[in-house]
Structures are given as structure tokens and as C-alpha cells.
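Starting off with a structure, shown below.
Each chain gets a letter, A, B, C and D, in the order it is written, and its residues are counted from 1.
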Amino acid sequence: MIIILRHDASEQDAQEILQKIDAAGLKPLHMPGSERTVIGALGDERVLESLHLENLPQVDLVKPVLSKYKLVSREIYAQDTVVQVGNTPVGSEQFTIMAGPCAIESEDQLLETARYVKQAGATVLRGGAFKPRTSPYSFQGLGVEGLKIMHQVGKETGLDTITELMDVNDLDDVARYISAIQIGARNMQNYTLLKAVGETQKPVLLKRGLSATIEELLLAAEYIVASGNPNVMICERGIRTFETATRNTLDLNAVAFIKERSHLPVIVDPSHGTGVRTLVSPMAKAAVACGADGVIIECHRSPKESVSDAAQALSPQDFHTLMQQLAPFVTASGRTLAEVAYAS
Amino acid sequence: MIIILRHDASEQDAQEILQKIDAAGLKPLHMPGSERTVIGALGDERVLESLHLENLPQVDLVKPVLSKYKLVSREIYAQDTVVQVGNTPVGSEQFTIMAGPCAIESEDQLLETARYVKQAGATVLRGGAFKPRTSPYSFQGLGVEGLKIMHQVGKETGLDTITELMDVNDLDDVARYISAIQIGARNMQNYTLLKAVGETQKPVLLKRGLSATIEELLLAAEYIVASGNPNVMICERGIRTFETATRNTLDLNAVAFIKERSHLPVIVDPSHGTGVRTLVSPMAKAAVACGADGVIIECHRSPKESVSDAAQALSPQDFHTLMQQLAPFVTASGRTLAEVAYAS
Amino acid sequence: MIIILRHDASEQDAQEILQKIDAAGLKPLHMPGSERTVIGALGDERVLESLHLENLPQVDLVKPVLSKYKLVSREIYAQDTVVQVGNTPVGSEQFTIMAGPCAIESEDQLLETARYVKQAGATVLRGGAFKPRTSPYSFQGLGVEGLKIMHQVGKETGLDTITELMDVNDLDDVARYISAIQIGARNMQNYTLLKAVGETQKPVLLKRGLSATIEELLLAAEYIVASGNPNVMICERGIRTFETATRNTLDLNAVAFIKERSHLPVIVDPSHGTGVRTLVSPMAKAAVACGADGVIIECHRSPKESVSDAAQALSPQDFHTLMQQLAPFVTASGRTLAEVAYAS
Amino acid sequence: MIIILRHDASEQDAQEILQKIDAAGLKPLHMPGSERTVIGALGDERVLESLHLENLPQVDLVKPVLSKYKLVSREIYAQDTVVQVGNTPVGSEQFTIMAGPCAIESEDQLLETARYVKQAGATVLRGGAFKPRTSPYSFQGLGVEGLKIMHQVGKETGLDTITELMDVNDLDDVARYISAIQIGARNMQNYTLLKAVGETQKPVLLKRGLSATIEELLLAAEYIVASGNPNVMICERGIRTFETATRNTLDLNAVAFIKERSHLPVIVDPSHGTGVRTLVSPMAKAAVACGADGVIIECHRSPKESVSDAAQALSPQDFHTLMQQLAPFVTASGRTLAEVAYAS
């Protein structure tokens, strides 16, 4: 830990801090500069945090040397983690395709969409039963009924399933009916929720908050892993910036950065990341190219009739085209796609 | 509602949409331009939303004419709402001062701080029992024990109290022990929580999310009011921008803008809004000047020993100075401060 | 153009505006809603702009229907524009590789770097003679001497050349010695400069400003084209967001979006777009995948000794590896790389 | 300077860096931690910059201890600088009011507006002769003719004058006719322009770029001062954020922060900072309260007819009201307004 003193701090101020560091069992270092004094402290930074040196009036800045996440870091575990979502090995040599509607509207709608996406090569079916909506007057989802529909459709098609959990009280139902739990962007720092899913062994797809830094995203993942659940997948789904031409700014830098620092698999959501139907395919290809382990795509049997987020949903034909366009890039990246099963 | 067609949309595309609008019982308007066709729809926009015109491939853009919030808007209710937090009338001619430590650490710490802030003119005591922390390894708060301490300190000092609620399961305890509930920035779109506090009549201080637009903030308030609880106070606490010199960027534009559009009281948090102790006083004065109804300030009996957010906490002496500096601006704004009670 | 009136506007206010629109020779449309009145105006929006309807106190919002750029839009010109930079056809079926050091430091340094990048497959040599530096105390470039060095190195290696122009007074020198002119991010809205390069026929690489929207970027390109120079290439080089893990946030959404809306070629700068050496290769691959026409890469014969931006510069070996990794993605995208000439 | 090594750096890597620091005449400090090695270097950081330690592959991060600006810092000069704009002492105990139209349209328009703003208490007349416009098809200003008009109006009313300079080639004309030079937000890092005005002794109002950090803003000011001109005023005029309800986000945190760190006067522009006429007055009051030295306000004799930025321009009546509302806050801040001269 590096402690930079204010320019008017005295020699005595410095000595006081050096003694505190020493008393905590760490090794203090004194660096009196021509304009500022800098102090170093060698040892376990967590012990140092409890000293709260940043509270001292003569201290200008305290800079930790290490990032705060540990368990999700490659410094702890160098290999790629593979998270098993049903039969789908996320983070493996096989590039993962998750697809499905924004919201579960009916069994008929979900089943038809599921068959289309499976035919085109998806192995995980997405769809929301509980919908976080900005306006209280918008459709809020089918709830537990939706979970049951998804369970049924998963069984019929052989697809693994994923759905968003918003409320701890729904955790048991989601865990019973669905293969993997999604934590949405708005709940990335809902620590109650993070700890609750951390106490299960269910695979969790943790979506980046709209204005969450990469460090905060990895710390949110750390919450889950530290609670006992190592099966965490990170999802980059676009951040909020000044640009309004696209709904969000898909931050693919973050994908490459996280793959370098963390062993967790990374999934990209180009549907929310752009909010524009025609941009989903180019950005899915870019996701493959920058090292993502999979994509999650909104697809609806009839986007015209989708009750939510229709502007970004692909039709079955669009999705089929996307998969064809994606294939050579998956090959270029040295990965494979799941074998397409033309029956269901 | 305005619907702008793509530049290659045909006359038939336009007719299809015009008929949909007509069939929904609204009045369609056809505006064929030289380069683009624009269609208008007159009537209740909520009916139009269910048409999902944005899903049609020939549609480029759908622009609602009205903002989506209603109940919190001055168009519905023109006067200023006054929310009663215990004995403190927030949104009235009296400028509200809420102050206290970031976290409740002990009865001793809270009581001593409470006495100081009351002496200097605060009427509401703040302090966290449940702490949302970015890192799972940081102090997470005293929990229900903290609520009891705050209840006791409130009784002893005559201060009204406010604390953050993070988990629906703690709602009963918070409602029992504390005067007002704070919804933190990270939970501004935790709809489970919003609906739960909306089903009580407790005063709610709703903090703006780090990257929430003003419209999203007012829609989050609308969730609470639409659930039955009109006692909502808005809190501007800084947004996340590219600037890193300050912890957040306090958006006082938002205060003036919300006061113009909404009848709800607005509180400013210059402690989180700057993250820098020496900037709290100038920004509190600016909050008064731009029309805020109150401020919420972090104050600790001994910032050196604070377990969290110490860089922005004021000492009792600092807080006393701030109140003295604030007074002439409160007078200039045509408001008053609560009479200072020099006993407790 | 759509004009939305304030909710308290009267029927007479509406009539006044309708008459103004009519008097300007356009077709007015009246849309009195239940809560707001909306007015449409059909015809050439530029005429409408001079009416300044947004100035009227009863007007809440004026929304133009069309984007403001024309000449750079695919609505005017549907095919892809190919800009010829010396012998390099940018925007063609050949994927363009521009590479070289941040700053020209000496003939020796530039020549050695140029030979390496040519060997690996680049056809355009980049390097700064005039350096925009945030601090007045940093190295500011070799100036005209640098241009002469680059001219000489271009001749010796057969590489085309590109360098940044910051000052109109240097335009003649840059145009004499260098194949293409770069307008840097800080000068994207330096209209004096845009008009000056617009009056030449030199190819111009226009870099996106740190906080420029896509619309502003295309309008800046429109300045150049409207001044008479159609040879414009757009460069996405990262925008400024709240994320600090990377130097900028490379916005590949913008690449896909611009390729859809504009006929101009788009180059991606993953060196500035990430600021992190190890992220240059994954983001270059992503640029290929999302439809960019080329990349511009910082490469230095010895990054350790680079006088600027060293953290993002590739060594010749790194650059060679990047080119090998890029090749399968270029093939997957249906494009080619220039044939590598192993002599120089 | 603090140098943090990568977690896989060896003891030999550390020794190599320590020797480089020593060879440069500085004092090296070795801090081998349990997970990372940190190295300190004591002495003049500018010497260290030329070592380019960040280029070494084993280095993760180089953190300078000091801010890069010097001449504009209070560490060099503790008192408040007063910049004399004609007869107006900016940064003094008198709060400065600059006002006038966005663009100079005619002598008649400017003179009438000037008389109104003088009557209400302004002492500096603003108005653009050269207009930076996002679209090449918008009005670009009257040019030198506008400067002459402003000169004449200044003489007739006794107002000091300020106008924007965009092109070095216009510097002589602006300096001849106008009291103070404005550098616009788009040109904040146009170093050619900064150096040119730095070689005069004219007062310069330097506006913050839309996405410029406070540090970059102060470094741009440093360019001017380092070129020989100490007469620099800083202008906060709103930054670009995700919020679109207001045109920009006025960052008053920055005002308080800069007043603490720099001795230069700070002016706030609530007209561009909000872009909304009704928000100008509350934000002007907030500017006074947070410690600004003055405001610059757009005012037009007839906003309905303004050729640009009309949505934010005040009418003479609005401006008069603003001045009346401002007065008690100026008094509360311990400052004064210029005595209003009711003749002209």
C-alpha cells in the first residue's frame, strides 16, 4: 500500500503513520520527496485496510497495490474455469450459444422459438419469467408460471435453460426449474441476491451493471464465489455512455481485459449491448474474435409481436443467418460450435 | 406518439400502421415527407405501447410525446409535496438537515455524533445498519442490532432517523425502529424493494443510481407511489462520469430540473456526491441555492476512526462550521433552518 | 420536423406556429392530443431550421426527423467509397494495415520500424511529426524535419504514409511530403482545420473525438466533404467513459453502425482504443469481425525506448504475431491482406 | 514516483529498475511485497518521466505522485489571481457578470442587448463573431465585421468585451477590437491556439472541453501560462455525461475543486451548462454559492429571433429577474456586484 501525504504534512505526521504501520506488524517504508512525502507499507493489504489511514487529515491519497478481488483472479487460478450449464460446458473449447425471447409469453411461443434456435445451433434457451421494467406500467413477466413453461420446453427440446432471478424469495423456484440463474445488470450490486445465489451450486450468469467498472464487476463475482459457489459466468452487456445512437455501448475491451485477469468464462450479449437488430450479428462476430466464450442472443418467433425489447430481437430467419455468419469466425478463433441436431 | 418510417418504407407500409392506430381507437395522422414518412397517433399513449409499433421492420423510430411518469409529475399535482419524517417536514419552507455517520458502529459512537449534529442544527439522524459494500471483504454493518441502537439514540436525542434498507426481509425491522427508509443508489431499480416499500406508508428517501437518468429516477419513484405510498423524497447523490478527481459528479442540474417537473421534495447528498471532505461545504451551499429541500451529510465524531467512507466524513467541528456557512444561503433562498436546541 | 408544445400552450399558440410553417412554404399538420399538442411540418427541414421554432416559449421540443449529414450518408450514395492512400485502396476488398511508431524520433528509428511492419504486411506507415500533448512539458515532435524523414522512409520502403496535422499553417508541408493526413481526436471539431483539408484532395483520416457522438463524427466528415474533398476515412479510436481499466473504451458498435449509415471507409485504432499492449491483438481481430476496413497500430522497434505512448506500442515481434493471428479472421470476413513483400 | 511491477517480475527485474533510477541521480526505494514488488523513486519526477519506466514489460503501472501542472497550482502561488478584463477585476471580491447573445447578428441587436444587460448589472459583454457549429450548414458568424460591431458597442456602453477565437489567423483582429479572448470547449486542447494566446498578454477565458478532466483543463491553462501569459480564467460550462434531460451536466464539483487547487479565477456558464432557459437562474445561484468568481450568461433582446442556441437564451426581462434573484446569494457569499449604472 502506498500512502501519499499532503504537501504541508510534517515529519511528525510521517512518523505517526510509520509507527502505525509498524505496530500492525507490517514493514513501513519512508520516502521523503522534494515536494511530497510518500510512505509504503509492505505486507497483507487487508490488515492495512483496517488502519483506515485514508482518514488521517495529513493523508492525500492511499493507493492499494493489489486489486481487491482474489478468488476470481488468474493470480490464484491460472487455467480457464469451465462452468457446466446442464450439458453445455461454458468456457470450454466449444463456443456457447444462448438464445431465446426477452420474455416468456406462452408455452406455444417459447416452444416454437426454442425449436428454431436449437435447429440453428443454440444449446441454452434464455427467456425471462420475472422482468425488471423501468416503468411500473410495463409487462412484468409470467412469474413462476413462466418457470414451469421453461422447464417443460427445456425437457421437450433438450435445451439447457437460463432465466433471471430478481428476488431472493424466488430462488428455490428458479433453482428447481431452470439450469442456470441470471443476475441482471440492475442487480449486479444487490448483495442480498449475490450472497443467496452464492450459497447454492447453481451456475450463475452475472451481468455487468450499466455503470459498473470491470473491478466492481469482478468484485460482485467475488461475492458469489466467496459465498461458496464457484460456478460463475461473467456477462458483458453494454455500458452506459454519452452515445445514444445505440442503446448501450458494448465494451469488448472489457472482454479481452477480463479474460486476461480472471479465469471465469465471459459471455457477450450483443442484443442489449447494441439494442439495434442489425448490429447484433457484427457484434456477435466481434465477440468471438476478441475471445469471448459465448454469446446470448434475443430471438423471437415473431419479433413484431414481442411484448418487450422487440427492436433488438432477431427473427428465426435472422438468427439462422447470424449462426451461418458466425461459424467461420468461430473456426478462425480455434473453437467449435455444438453439433446442430436437426431433430428435437 | 410519433412514428418515423425507414427511408425505404412504402406507401403500403404507412397504410398498415395507420390502420393499426385507427383500430386501437386512436386518431392516426399521415405525414408523407420528401425523404421520410412520419405518422402521428393521437390519444392515450399507453394503449399505443401495447401495439409495439417499434417492432415493425419498416419503422425506424417511435418517439413517445409524453414522459412516462405521471403520479410524481407536476402536471398531475402542481404544489410541492411535504413528506413528514417524524417531526421534520421535508419539502416545506424549513430547509432539512440530515446528518450522521456512514455506518452505525456502536451506541456510544452514534449517540455522541447525534448530540453534536443536533446541537449544530440537524433534525434527522442518518446512519447505516446494513451496508452495501463493493468488496465482500469489507465491514457489512451491525444489522438489526444497529437499528435498535439508532432507535434508542433517536429517543434520547429527539432526532428523527433514517437508514438504508437493502433486503425486503428486513423491512419490518426497519419500519419498526426507524422514521424513514433510504433506498440506496445500487438498489434504485431493485423493483422488489421498491414495491415492498410502496406498500407501506413510511417516508422513503430514494437515491439516484450511479448511472440513472432523471427519467429513470422519477420512474423508480413512480413505482413506489403507484404501489400506494406517496411519501417519497428524491435524493441526488452524484452520478458516474469520466471525471475521477471527485468520487462522483454531483448533478445539481438534476435538482433544478426535478423541482420543475415533479412535486416531490429533493435532498442533496454532497458527501457521496463529491467524496472529498473539503468540497462538502461548498456543494451543500450550492444545493441550497439551486432549490434543494435539504441536504444529507456524513459526520463522524472522529473521522480518523470511521470504518467506512472516512475521506468524506466531517468532524463535529467541520459540521458546525458548515452549518454556520450554510445559514446565510438558506436565508437568501427564503427558507429557514430548524431552531437549534442547545440541550439534548 | 416534429414540434411538441408545452402542456399549457393554447390553441392560439398552435395556430401561430402552423401559420409560420405555412408561410415558409411547407405543409403544416395539427395534432392536438389529450395532454399535449404536437405539430408536424412536411418539407425541406433546412428551411424550417431558419424559422427557429425552438425559440418560442410555448414550444417544449423540436425534433428533426432526418439526420443532419447528407453527403456522407448511404441515402445519397449506397456503395462503399474506396479512398486511395498512395497505392493502398482503403475501403476495398483488401483489409488495410497501417502501422508505425507514435512519434517519429529519428530516421534510423522510423526506417527500422517501417521495414519490420512492411515485412509483416502493413502497407501504410504511421508516425507523428506534430504531437498533441496534454502537458506542455512533454515532447512535442520533430515538426517539418519529421515530415522529411517520413517522406524519405516512405520512398525507401515503398510504404504509403500518414501523419497528423494540427495547424493549418503546416498543411502545405504535410501535403507535400505525406500520402494522407490524419485529423486527431482533439481536433475533430476544429472547423478551421476541417475546412482547410476539405479544400485539398488529400486523403483524410478523421479520428473520433473522445466524447463525440457518431452523429457529430459524421457531421465533422460532412464538413470536409462539403468543402470539396470526398476522400475521407473515419477512425474509431475509443471514447471516454467511466471505465478506467482501459485508457479508452473502444466503441465497435460505432463501426457497425457507421458502416450501415455511411459509405465512407472505417479504420479502427486498437492501440489508443485500449491503451494496453496485450489488448491490441484481440481488439484488432474484433475490428475485422465487426466490419472495419482496416486497423492502425502503434509499433516501435523498441517499445522500451519509445518517447510516448509506450504502454500500448507493440514490438516488431508482437506485431508479427498480431498479423498472424489476424489473418484467419480477415479470411473469415471474406477479405484479403496485401501480399507480404519480403524485400524492401 | 511509484512503480508497481507485474506479479511475475523477478528480483533481477527490480534490480534493473532500481539501477536506472539511481543512475538518473534519484533515490531508489525497494519494497518487495508478498504478492507484488513496488519501487519508489525520490526526486524531481520530470527527470523520471524521461526514463519511460512504463515501457518496461515487467512494469504494471507507474503512478506519478504529483499533479503535472505547476504554474497554475496554489502550491506555487497561494493567493487568488485577479485577471483584469478592461475595467472588470475577475477573481476579486466583486462577482463578475458577463452576458450577451450567443452570436453577434447586427449592431442594432448587439447594442440593444448590451444596454439591457448593462442596466441589469453586467460589466462584460459576450457575443460570438466566429461560431463553431456542429453542422457545416449552420450560421458561422459575421467574422471580423462582428468584431468591429462589438468594439463599437463596447465603446458606446462602457462594457468590457469578450469573444471566441477559433483560428490563430484571427488573433490580431480579436486582440485589437476585444477586451478578452475566449477559447471554446472544442478547442481546449488545440495547442496551436493555446500557445498563440499564451504569447499575448490578453486575458483568456479557457472553457473546459466536453470530456476534459479537471487535470486536463488545468494542463491546458498551464500551456497558456507557460507560454508567458498569466491572465487566464477557467470556465466550467458543463461536461458530457449519459444524462440527456439537460444539454450538458454542469459540474460544480469542479468549481469547488479548482478553487482549492488553483489560484486562477473560475467562471461558470449555466447557459451552456444546462441548455435549458428555466435552469439558468438556479444554476447561476448555485455557482455563486459554491465559490465561482463569476457567471457568463446568454441573453438576447428577443430570444424568439436568435439565430443560435435560443433554447437557453434569456430575454432582457428574464435576465433582469435573474440578477435580482442572484443578488442575495452574492451577498451571502461575502461578495458584491458591480454598481448598476442606469445610464449608458
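Just so we're on the same page, a contact is a pair of C-beta atoms (placed from the backbone, for glycine too) under 8 Å apart; a residue touches a chain by one contact, two chains touch by 3 or more.
In this text the structure is predicted, and so the values were computed from the model without any measurement.
S.K.: Between A-D and A-C, which chain pair is linked by the larger number of C-beta contacts?
M.R.: Counting C-beta pairs in contact, A-C comes out ahead.
S.K.: Roughly how far is chain A from chain B, going centre to centre by Cα mean, in whole Å?
M.R.: Computed from C-alpha means, the inter-chain centre distance equals 27 Å.
S.K.: Go ahead and note the Å separation of the Cα centroids belonging to chain A and chain D.
M.R.: Going by mean C-alpha positions, chain A sits 39 Å from chain D.
S.K.: Chain A to chain C: how many Å between their CA centres?
M.R.: Those two chain centres are 31 Å apart.
S.K.: Which chain B residues reach two or more other chains?
M.R.: Residues 211, 240-242, 244.
S.K.: Are the chains arranged, by touching, as a line, ring, star, complete graph, or other?
M.R.: complete
S.K.: Give the list of chain C residues in touch with chain B in this complex.
M.R.: Listed in rising order, the residues of chain C that touch chain B are 2, 4, 7, 29, 31-36, 38, 40, 42-44, 63, 65-66, 75, 211, 240-242, 244.
S.K.: Applying the document's contact rule, which stretches of chain C touch chain D when the two form their complex?
M.R.: My answer: residues 46, 49, 52, 54-57, 68-69, 132-138, 166-169, 186-187, 189-192, 209-211, 216, 219, 222-223, 226-227, 240, 303-307, 310-311, 313.
S.K.: Name, in rising order, each residue of chain D that touches chain B in their complex.
M.R.: 211, 213-215, 239, 241-246, 249-257, 259-260, 273-274, 276, 278-279, 282-283, 285-291, 328-329, 331-333
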